[in-house]
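There are structures below to look over.
Both of the next two complexes hold chain A, though its partner changes from chain B to chain C.
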Partner chain A sequence: MRRNAWRVLRPLLSRLGQAGLVALLVGCIGFALMHALPGDQAFRLAAERYGPDMVDARAAAAMRAELGLDRPLAVQLLEWLGRVLRLDLGRSLVTGEPVIEELRVQIGYTALLAGTALPLSALIGLPLGIVAGLWRGRWPDHAVLGLSVLLRAVPAYALGLALMVLLSVRLRWLPPGGFEGWAELVLPSLTLALGLAAVSSRVARESVAAVAASPVLVFARWKGLSERDAVRRHGLRNAAIPVLAVLGLQLIGLVEGILIVETLFGWPGIGHALVHAIFARDVPLVQGSALIMGLGVVLLNAAVDFACLLIDPRRGRQEA
Partner chain B sequence: MSGHVQLRGLTVRAADGTPLVENLSLAARPGTPLVLLGETGSGKSLVLQAIMGALPPRLRRTGEVVLDGQPLPEGRARRGLWGRRIALLPQEPWLALDPTMRALAQVAEVCRLVRGMPPPASRAEAERLLRDLGLEGVARLYPFQLSGGMAQRLALAVLRAADAPLLLADEPTKGLDAERRDEAALRLRDEAGRGRTVIAVTHDIGVARILGGHLAVMLEGQVVEQGPAERLLARPAQDYTRRLVAAEPAQWPMPSAAPRRPAGEAVVAARRLGKRFQGRAVLEDVDIAVGRGETVAVLGPSGCGKTTLGDLLLGLLRPSQGEVRRLAGLAPWRFQKLYQDPPSAFAPHQSMREALRHLGRRHGLAPAVFGGLLDRLRLPPALLDRRPAELSGGELQRFALLRALALDPVFLFADEPTSRLDPITQREVALLLRELVTERDLGLLLVTHDAALARRMADRVFTIEAARLSPAGCAG
Partner chain C sequence: MSGLAFGRRHAALPRARLAGAVLLLLLLGFGLLGPWLIEADPARQDLTASLAPPGARFLLGADHLGRSMLARLAHAVRLSFLLSGLTVAAAGLLGTVLGLLAAWEGGWLDRGLSLLADTVLALPGLLLVLLVIAFAPGQILPLACGIALALWVEFFRVTRAQARSLLARPHVEAARLLGFGRAYILRHLILPELAPILLTLAGFGIGGVILTIATLSFISIGLRPPTAELGGMTSEMLPYLAEAPFQALLPSLFVALAVLACHLLAGGRPR
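And then the complex of A and B:
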């Protein structure tokens, strides 16, 4: 029993360590990159706060003094790290509001978008993959392969634009951006979901093909189980293992996609906020939103790990 | 219990019309196992698949399979009999059991879904079935936590759950070591003893001997001889059957009784050798030496550390304690290994010619070296242009031997070199290896689970038990 508990605890603990490392790296790299950008941070901030026409050297100097931007960089970084340890992400340099308050609303929107896109990608990718796997070598397999290569080869912004042109501009079925109701959720989540489904359908296809030809399924039939019982009891779970494992990798792609798709569709989420903060040189907001996204990936990966442990008893168990 | 089976003129043809099984007429009844004995490619497994109605899609069957006076229905209707009337014990059951389901559940689901018992009764019945086969301790384990023998018993428990009168077994002992093999064969005989009709397919004469019953020897899709197993194995009438029986290691000639030259200087020697894996001692305090022109055999069941010992002597593994001395002043490739599974010891996309050319270039060998060895190992040069998948196991193992001998080894570690070969081929390869030891003055370490084979191959035989090496007794 204790060994079994350890089987679950060990990966969770290692994920926890990873989360700490992610926080440290994301904070430092974000900070370094922001300061590597050309242009004067104080000017950009003043422009953001008072409007581009109101900025002169005096306003910038006042800004610099107010925010302590003239202190050595190392001090500014250490100050941020010290605050993160106290679970304080600091204040936005533009609005002066706490970063956490700024992000709170946006996290919800991003979660809504990702939470719609993931199930949608499963809804699109898995049935296509299963059909291709069961009909391998025949026309449905080739059609799904072609579709998946096409979707994978087109970058998210191009795919998003194409959908926007087709569904909003030409057909006028859906609004092209913003967020007023559910209709605006369709295009960005579909763009994300198609990119994810391009990969998950391939993994599902390989997995289903392997299980369909495996002696496990053959024996299930020989035992006398009906085709439905054989597939339900011995096919699905075995086929789901690799699909689920790859989901963990896909989450990284999801974060990338969120940055692009939110910006493209003007979706008021955390990716959109990050891009905006970069233009404004709002360093604490950049660090804060990158940190939240990084931790989100670690958290979701931990959830995927846990799900893998649940469906695959071989994980973490020694052979007797 | 019913279960009378008749095969009437059963023929299986490939898509191009080549007969793979030709005009087979056999009968099997409850209580007496029917055993089909033959080499790989003799069509014996196709017979079982034809009875199941599970032939690969491009093969065509003619002739009839009759069960209890009724010709078996075709297609979908045949599937309705699976589990209920006809059960097939799969080859290598550890691959056929669901790795994500506990042992008990795999048995209980048959009681519930095939026999329609309510869930609590299914569990109770499954527990009883596991107990009958001595598996009560593993009910909550997964298949990957079971040994090969236990997985085999579990697969049998699964089939017993549906209680079909006809039990087919396809190479029921494949992948098991000698002891487990005999157990598995005895268990199948038991199934027949319980009134089931058992039809088993094997290439192992030892298994056929244990199963007894009615024996049919198959060659190239035809039955060359059939009759009661005991009589047929004692007094085979056909030439092919005679060669098959003679191929059993126990029937091989013993090495010449006159003491051979005393073994030369030791090519490898180990003192107080020990190896641990993750804290578990696999070998402890082993002293062993292999001299020139000598064969030393190490016997033991799967997982006892035989292969580990060979790999330590070769320097492929680092010992946890003790030391290994190899003959000084020689390149490491003068100490060679012959692997158990020939196909996995070759790159699948390379022809033999290419593989040997690479070897020759790497070691600066003259092509004549290979020419001489091809002759000696009786490998026709035409085989050089084939890839591993196009060669038989015996041919491939002889190429592996050629590859090792080309480097002029002083020591060869042969890890179960013939256990995946058909009996007649096994005898050829093993006796060839025996000749080469003397001829090339080579030290051979032979690892095997077959005591009779070890006796006939080796000058000295050891066993490994509880991580210790000791001289073997005189049995076998």
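And then the complex of A and C:
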């Protein structure tokens, strides 16, 4: 029983450590960014909050006192990291609103986009991969491989633009960007899903090909299970393990895709916010959005670990 | 050095590799010779020829400011390959040296470097690159540094793992016991075994970096417009997407071809 608990705890603890590293890295870069901004920080911050014409030495001094900018760097760094670890992300330099409030709205949009794109990519990638795996070495296999190689070479933004030209400019089926209703969700999520499917179809193909040739399935047939039962009971579960494990890696691709696709289509999510915060040099917002995205990946990876443990009990035993 | 022979296992590979090599040579030739051979100045504007279709005067058409697409593409391809080559070389050298050091020394140095690598890996690569770029958006140095910072880890981890298992092999242990120096063992026993793997990593790395640079320039936080850059060119042409989709999407075709060439040459069997 204790070993069982350890099996679940171990990956969770390592993910927790990873989350700590993410916070530390993002926090340190955020602090360095804050100090790398050109000019006197207090003057700049005052200018951004009150407008360039309203800044004088008094406003800057008030800002300096408010933010404690006159203390030693090491103290400021420790305090900064402490705040990051408590998820107190400060206020936006541009709007003056708390970063966490701004991000809260955007996370919803990003989750909606990711939540649509992931199932869509599974819907596109898995059947293609399974077909390629079952007909391995023959033309469906080669066709799917070619498609996947091509899709992975084309930049995501170009794929999005091509879809935009085709579906909304030429055919006028869909609106090209923004967010007013469900129709706007189609292009971004399709772009994202196609990029992800290029990878997941390959993994599904390898996995199905390996399982189809494995002794497990041969034995299941030999002991008298019908083809359907053999595939359902022994084939699918074994084939699902690598596919699920790679889902963790896909999450990284998902984050990168989200940054690009949200910016391209003007989707009001967290990736869009990050890119625009970089333009505006709004450091707290840059730090906050990077932190939330980094932590999101770790969290989802922990969920993937857990799911892997559920369908593959061997995994925990080998590690213990 | 037998390490330059890429092919290892797959019998069907050479064809894909050959195709990749030919494509890469064509692109490199276009990027390196193009800027010398093509008379047109990539920055010269001719507003009467705005969005001119491909024809006798502009072989590949002109962009919205009437600049020759052909000349701009040649310069952009050169920039992409140079920048990605330099970045990957820097990251590869750093990662390999640190990986060898970690494998050879072990102890706290190994643990420290591995922790550093884990820290960098905890964050998705593009996110790290964006954070570094935030120091000075639109400039080359933070862009290259950010990418190299995210990329060295891959070389470090592979080199460390490989070198550790190599160092424990009997023939290497024998050479160490016989008193051969580190430089000798490194040159004759370790590096020849590492080279093919590192070259494969570098190939995929260059493809990935070309893609990253184009993507970041497309969202205007990589290199900025007056520079002819593959992603930036598409970004500049975005308002004219409906009128001139050919000119707007042509630079992306070159990105795709460059990435495809790198992938084919390096892997032959991308998963």
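The definition used in the following text is that the second predicted complex is superposed on the first by the 265 of 320 C-alpha atoms of A that agree within 3 Å, B and C clash if a C-alpha of one lies under 4 Å from a C-alpha of the other, contacts with A are read in each partner's own complex, and residues count from 1 in each chain.
Basically, contacts are C-beta pairs under 8 Å (C-beta built on N, C-alpha and C of every residue); 3 or more make two chains touch, one makes a residue touch a chain.
Since the model is a prediction, treat every value here as computed from it, not as a measurement.
Enquirer: After the overlay on chain A, what do you see for chain B versus chain C, clash or fit?
Expert: Chain B/chain C on chain A - fit side by side.
Enquirer: For A:Ala307, using the defined touch cut-off, is the partner it touches chain B, chain C, both, or neither? Pick first, second, both or neither.
Expert: A:Ala307: touches no partner chain.
Enquirer: Could you look at A:Ala143 and tell me whether it touches chain B, chain C, both or neither (first, second, both, neither)?
Expert: So A:Ala143 meets neither chain B nor chain C here.
Enquirer: State whether A:Pro215 touches chain B only (first), chain C only (second), both chains, or neither.
Expert: first
Enquirer: Just chain B (first), just chain C (second), both, or neither: which does A:Asn238 touch?
Expert: Touch partner of A:Asn238: chain B, not chain C.
Enquirer: With both complexes overlaid on chain A, does A:Met293 touch chain B (first), chain C (second), both or neither?
Expert: Touch status of A:Met293: second partner only.
Enquirer: May I ask you to name which of chain B and chain C touches more residues of chain A?
Expert: After superposition, C is the partner touching more of chain A.
Enquirer: Quick check for you: in the superposed arrangement, does A:Lys223 touch first (chain B), second (chain C), both or neither?
Expert: The first partner, chain B, only.
Enquirer: Just to confirm the geometry: in the superposition, how small does the C-alpha gap between chain B and chain C get, in angstrom?
Expert: Least C-alpha distance after superposition: 6 Å.
Enquirer: Do chain B and chain C touch any of the same residues on chain A, and if so, which?
Expert: Touching chain B in the first complex and chain C in the second, no residue of chain A appears in both lists.
Enquirer: Which of the residues in chain A end up touching chain B in this complex?
Expert: 214-216, 218-226, 229, 233-234, 237-238, 241, 311-314, 317, 319-320
Enquirer: Applying the document's contact rule, which stretches of chain B touch chain A when the two form their complex?
Expert: 52, 54, 79, 82-84, 87-88, 90-93, 95-101, 109-110, 113-114, 141-142, 144-146, 155, 158-159, 162
Enquirer: Would you tell me which residues of chain A are touching chain C in their complex?
Expert: Touch list, chain A to chain C: 18-19, 21-22, 24-26, 29-30, 32-33, 36, 148-150, 152-158, 161-162, 164-165, 169, 199, 202-203, 206, 252, 255-256, 259-260, 263-264, 274-275, 278-279, 281, 283, 286, 290, 293-294, 297-298.
Enquirer: Quick check: in the complex, which residue numbers of chain C touch chain A?
Expert: Residues 118-120, 122-128, 130-135, 137, 207, 211, 214-215, 218-221, 231, 234, 238, 241-242, 245, 248-249, 252-253, 255-257, 259-260, 263-264, 270-271.
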